[in-house]
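Going by the order they are written in, the chains are A, B, C, D, E and F; count residues from 1 in each one.
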Amino acid sequence: MRPSKRAADEMRAVSFERGVMRHAEGSCLVKFGDTHVLVSATLEERLPPWLKGQGRGWVTAEYSMLPRATHDRTRRESTTGKQSGRTQEIQRLIGRSLRSVTDLVALGEKQITLDCDVLQADGGTRTAAITGAWIALYDCLSWMRQRSMVKEIPLKDHVAAVSCGIYNGTPVLDLDYAEDSVAETDANFVMTGTGGIVEIQGTAEKTPFSQDELLGLLSLARSGVEKLVGLQKLAVG
Amino acid sequence: MRPSKRAADEMRAVSFERGVMRHAEGSCLVKFGDTHVLVSATLEERLPPWLKGQGRGWVTAEYSMLPRATHDRTRRESTTGKQSGRTQEIQRLIGRSLRSVTDLVALGEKQITLDCDVLQADGGTRTAAITGAWIALYDCLSWMRQRSMVKEIPLKDHVAAVSCGIYNGTPVLDLDYAEDSVAETDANFVMTGTGGIVEIQGTAEKTPFSQDELLGLLSLARSGVEKLVGLQKLAVG
Amino acid sequence: MRPSKRAADEMRAVSFERGVMRHAEGSCLVKFGDTHVLVSATLEERLPPWLKGQGRGWVTAEYSMLPRATHDRTRRESTTGKQSGRTQEIQRLIGRSLRSVTDLVALGEKQITLDCDVLQADGGTRTAAITGAWIALYDCLSWMRQRSMVKEIPLKDHVAAVSCGIYNGTPVLDLDYAEDSVAETDANFVMTGTGGIVEIQGTAEKTPFSQDELLGLLSLARSGVEKLVGLQKLAVG
Amino acid sequence: MRPSKRAADEMRAVSFERGVMRHAEGSCLVKFGDTHVLVSATLEERLPPWLKGQGRGWVTAEYSMLPRATHDRTRRESTTGKQSGRTQEIQRLIGRSLRSVTDLVALGEKQITLDCDVLQADGGTRTAAITGAWIALYDCLSWMRQRSMVKEIPLKDHVAAVSCGIYNGTPVLDLDYAEDSVAETDANFVMTGTGGIVEIQGTAEKTPFSQDELLGLLSLARSGVEKLVGLQKLAVG
Amino acid sequence: MRPSKRAADEMRAVSFERGVMRHAEGSCLVKFGDTHVLVSATLEERLPPWLKGQGRGWVTAEYSMLPRATHDRTRRESTTGKQSGRTQEIQRLIGRSLRSVTDLVALGEKQITLDCDVLQADGGTRTAAITGAWIALYDCLSWMRQRSMVKEIPLKDHVAAVSCGIYNGTPVLDLDYAEDSVAETDANFVMTGTGGIVEIQGTAEKTPFSQDELLGLLSLARSGVEKLVGLQKLAVG
Amino acid sequence: MRPSKRAADEMRAVSFERGVMRHAEGSCLVKFGDTHVLVSATLEERLPPWLKGQGRGWVTAEYSMLPRATHDRTRRESTTGKQSGRTQEIQRLIGRSLRSVTDLVALGEKQITLDCDVLQADGGTRTAAITGAWIALYDCLSWMRQRSMVKEIPLKDHVAAVSCGIYNGTPVLDLDYAEDSVAETDANFVMTGTGGIVEIQGTAEKTPFSQDELLGLLSLARSGVEKLVGLQKLAVG
């Protein structure tokens, strides 16, 4: 029995609220249950120096949590003077995930930054961020198309993410904090709308896992991503 | 004529949404028109080292803006490695303002941190933050009273803040960004529910101002703070 | 009775010593009693990036205290790795104050940096710094006129600053450290030679203050600034 | 055809040189072809603060590359002032991997730090580091057993790591730099001596991959880890 | 012919002004010609952690230059976020030099910090700092003896420093900036009142020097230090 | 009697291993007994900004120790966020020493960086680094000559370094850690192949030393450097 009473293959309530930040070219408040992430997409002319003059654009991400998004207050990274390893790991993952479905050549020499700020955390902040960032990116690219900056929306596919884990010996979908903090194994899956795998990060916190367990988690994740992609389609459709 | 069509002594629509962050002891989403600030109040046992053993508590504040709260994206302070002078100036002001109405001895040896994160900015973020922080602080202190950590809510008065300025030669109340960026003079007033002045910060951006102009701004501010305190009373009443 | 035996409206002995740093285009050792600040003005061709190509110059300031300017040794900011919030607040104030009386267009695309280093502190370091910085700036601009870099000295007026406060219930002028550390209210006033107000920063450390008290402090400040401007005129006359 | 002429399932020459740092409790110079990593294991009494008094020890890792380990010189992280996201991601992975096979309760309240310094890089530095770190850790724990600090070597199993990827459409084992920089998909597998999976990190650099491709890579990785564990046994046997 | 018209073995005018900082236990404004250094000695109960409980005290130094001490403005180290290599090298030298003549056991478990702030630089700032720091240290120790914190002044000897160099082929004493910037060889000598050598730092900027040249510089330095020690005796006598 | 049983004028076993880093233009693993330093020479087109357009090149150095090069683990400078004073002092010394024998005009507008990473420390790391860096620099310059980037190897002479000290009252050559940590006086000498002195750094850790003692150390150093230069010649001959 999961603490939230959910079935093993049941996700939390997921919602997307678009256009929530008036200055941003695209934005989305995504909720996976009590995990709330505010994502903005910013279009800029500047590129990372190593990319200049190659006829391609870039999509990157930054991730942060409000100090009291968590049960105990977390120290603000601007006062510690640097981003933690966890923060950097997550924002690199978000950036890679969104780049995997973007046609960077069609985007042209522009950069889109996806700022993912966690307003409230209850497990799965990185997967919610990726899933919501797709909406914000889509809206930013639509904004560009309306201004004839691109001919078509340069997205090759949807991308969404979900975590799975082995909780009390059972594979379960979309871990919340109560589960995540005690799960034996914890894996994040990033997948496209057509079922391709973009990223797998699986970690055995206590006991190594087997190939069969991996396949069980992958199967759960596939069903979760399908639902998320369906909700993304409803949101932008 | 103000860009927003408001009368000279007319504030923007002000609202408070309480209890918006499930982990915090107190929280408030405050809106002054398009300026939105999310404030949480965190209660902790630890104190600044210089205050230990004096039988008094402390109220402090931190302030930050999401990168895309502004028209152009602002670089995240965790990546620049330090808080800007502006950020530090504002969070010191918020802390002083809230301490001025708190009975720190009655609070006991505890610290309350008010995190003020600007989700969207349209001028007046520091005054909105102070005004909303009073609500979050009140709710945090109520939470303590419910748990018998304090006998009475250790607040001596309300505190609220508003900006005024001379725009096109006319003193106006509650500057928005369009006004703030071109105003000749710009002043922030922090005042209590009983009309005491806690803090004045007046700056002549272009032309020095006179004593009469100062009194004109003070009069507008007084009416604004009265309205804000009225709204605070409704919110917690 | 003030600890220093001064009358309520009596300033400390004020002196300016010009030309004390042989490398600087302008310099001044300013003393307000036991508060001693060494100010240098440096002329440079470079401008802040956001100001380039606008046909205007810039005046900025930096502020620091020697570690043993104070009663107890203060840690050097180069070893903590960053400037404190207090330092940044003060140097921003000094810069704004001096810019308010400088004709930046007549200055041309040049930058003048006013370095204010406190050799000894006894309250009122920021007001002494502003008042002495006007002398250093004047001398730097004279240096430029002698070299035909400007036609006239591009200063629109004098600017000087003084602190006032309510000490034991009485408004007093030019607080020293013994008064400043216990004053109920503390305000810094920056004013021009013609009596215009450039900046007011008033803070109620303990009890909120009233409009009448504010006017009382303003009146004291006006008399103090008049004396300081008179001394500036003598110094450069 | 692989640039190195290796067969698809052929690893590079692997070697372990033990005891190469005279001051360390355990050390190993591990080579995977032209990738050379020097690992030391340091035993200390201190623990991370959050672990104190729980009757358990800790194993952690730090990772760095010499500036000229790479084809072009990389800037030293001590001069940039912080560790990059990549560095932090890798050292967190190494630490987790080694903890997964260590009996932290049997270790007692001690910390072992595994410093992994890349002397020369040619792809696969993190997998070489994990594989060599097991040797250094083993030797450090043997050193403790010889001094009766532990009764038995508190290791539950071997752990080793290898990368696999899809290069020119073919799954290949143990990518070198020439392959890694152009591979479509790139995955790192950390596995135990008994075949349990400790960590999977798979990333589609260009095209999403399928479940079958994942299983193909996993099968290659399993054979590679078996060889590595065999070599570890020979090294310490 | 030296730019300053001095004879090869002629020092600049040297002066010590004691007691110039009212808060410090000892202080000295030392001038070697146009090089002016303000030194304060601060007595504190705290010790470096590695020295605690050993029955010995510590003498340390910090060194800084005001931004406009130099011909061109130097960026403030508090804004670059760290002390330069040059700064650290100099302050380590000052600390070692003063410790060499202090009886740290007789001092007891206390720390004295010598803050050396260069108000104006014209070559030889480190040698002036060491020579003036001896005065400030002496006065701090006298202050302690007056309060019976030590029985005798725990100084074993005088210490003073001077630079010598080969300028246009001739060994000269006490280089000023005009000489220092073009000298072929440049050496700093720290010596005691009884002629012992505490530190030699000799550098060939262009051409290596010979043993005879080294002895020539040492002989000049010896005569310079004798004069400096004579002046120290007059100052404190 | 020295702890190592060496005669007073006996150096440790010295060896150079060239070409140990496949990516570097020059490299050398230098050993002075148990002190092992890995040096790479990197050729780059970029120059320090202040040197651009002067028709001269630059040689610079960076120095670091692996955390467990020492008996107790030293914290990694990338995690403390800055290089220590000791590190900066040493790398500045290495750079100066190698520049003293390089014809920077013949080198042309290029920069060579000598990275000196201490793999194992037993005293004398800076002198081993300088001596080995000459080999790496020579090999880098040979690499350039082979590619016709320079006509002749732009080296004016050999340079090598050794430490001497007074241990138990006797001057001894090439201090190891056991001696260095208790020596009364400690001096590093950098000298050329033709016997010129490039740098002397002599420090009296406890008792000031005399001119005769200095000459005794210099004589030992001269014999040591002669041996080192002989070994350099064999290595590259």
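Brief remarks follow.
Basically, a contact is a pair of C-beta atoms (placed from the backbone, for glycine too) under 8 Å apart; a residue touches a chain by one contact, two chains touch by 3 or more.
Just so it is clear, the structure is predicted and the values come from calculations on it, not from any experiment.
Chains that touch both chain A and chain D: there are none.
Its interface matching that of A-B in over half of the contact pairs by residue number, C-E stands out among C-E, A-D or E-F.
Chain D and chain F, compared by their mean Cα positions, are separated by 33 Å.
Centre-to-centre separation between chain C and chain D, using Cα means, comes to 59 Å.
Here the CA centre of chain B is 51 Å from the CA centre of chain E. In chain A, 81-83 are the positions where the chain touches two or more neighbouring chains simultaneously. Round the ring, from chain E by way of chain F, the chains line up as E, F, D, A, B, C.
Contact residues on chain F toward chain E in their complex (touch as defined above): 82-85, 88-89, 91-92, 96, 100, 187, 191-192, 194-204, 207-211, 214-215, 218.
Remark: chain C residues 21-24, 27, 34, 38, 40, 42, 44, 62, 64, 66-71, 73, 76-83, 87, 113, 115, 117, 119-120 touch chain E in the complex.
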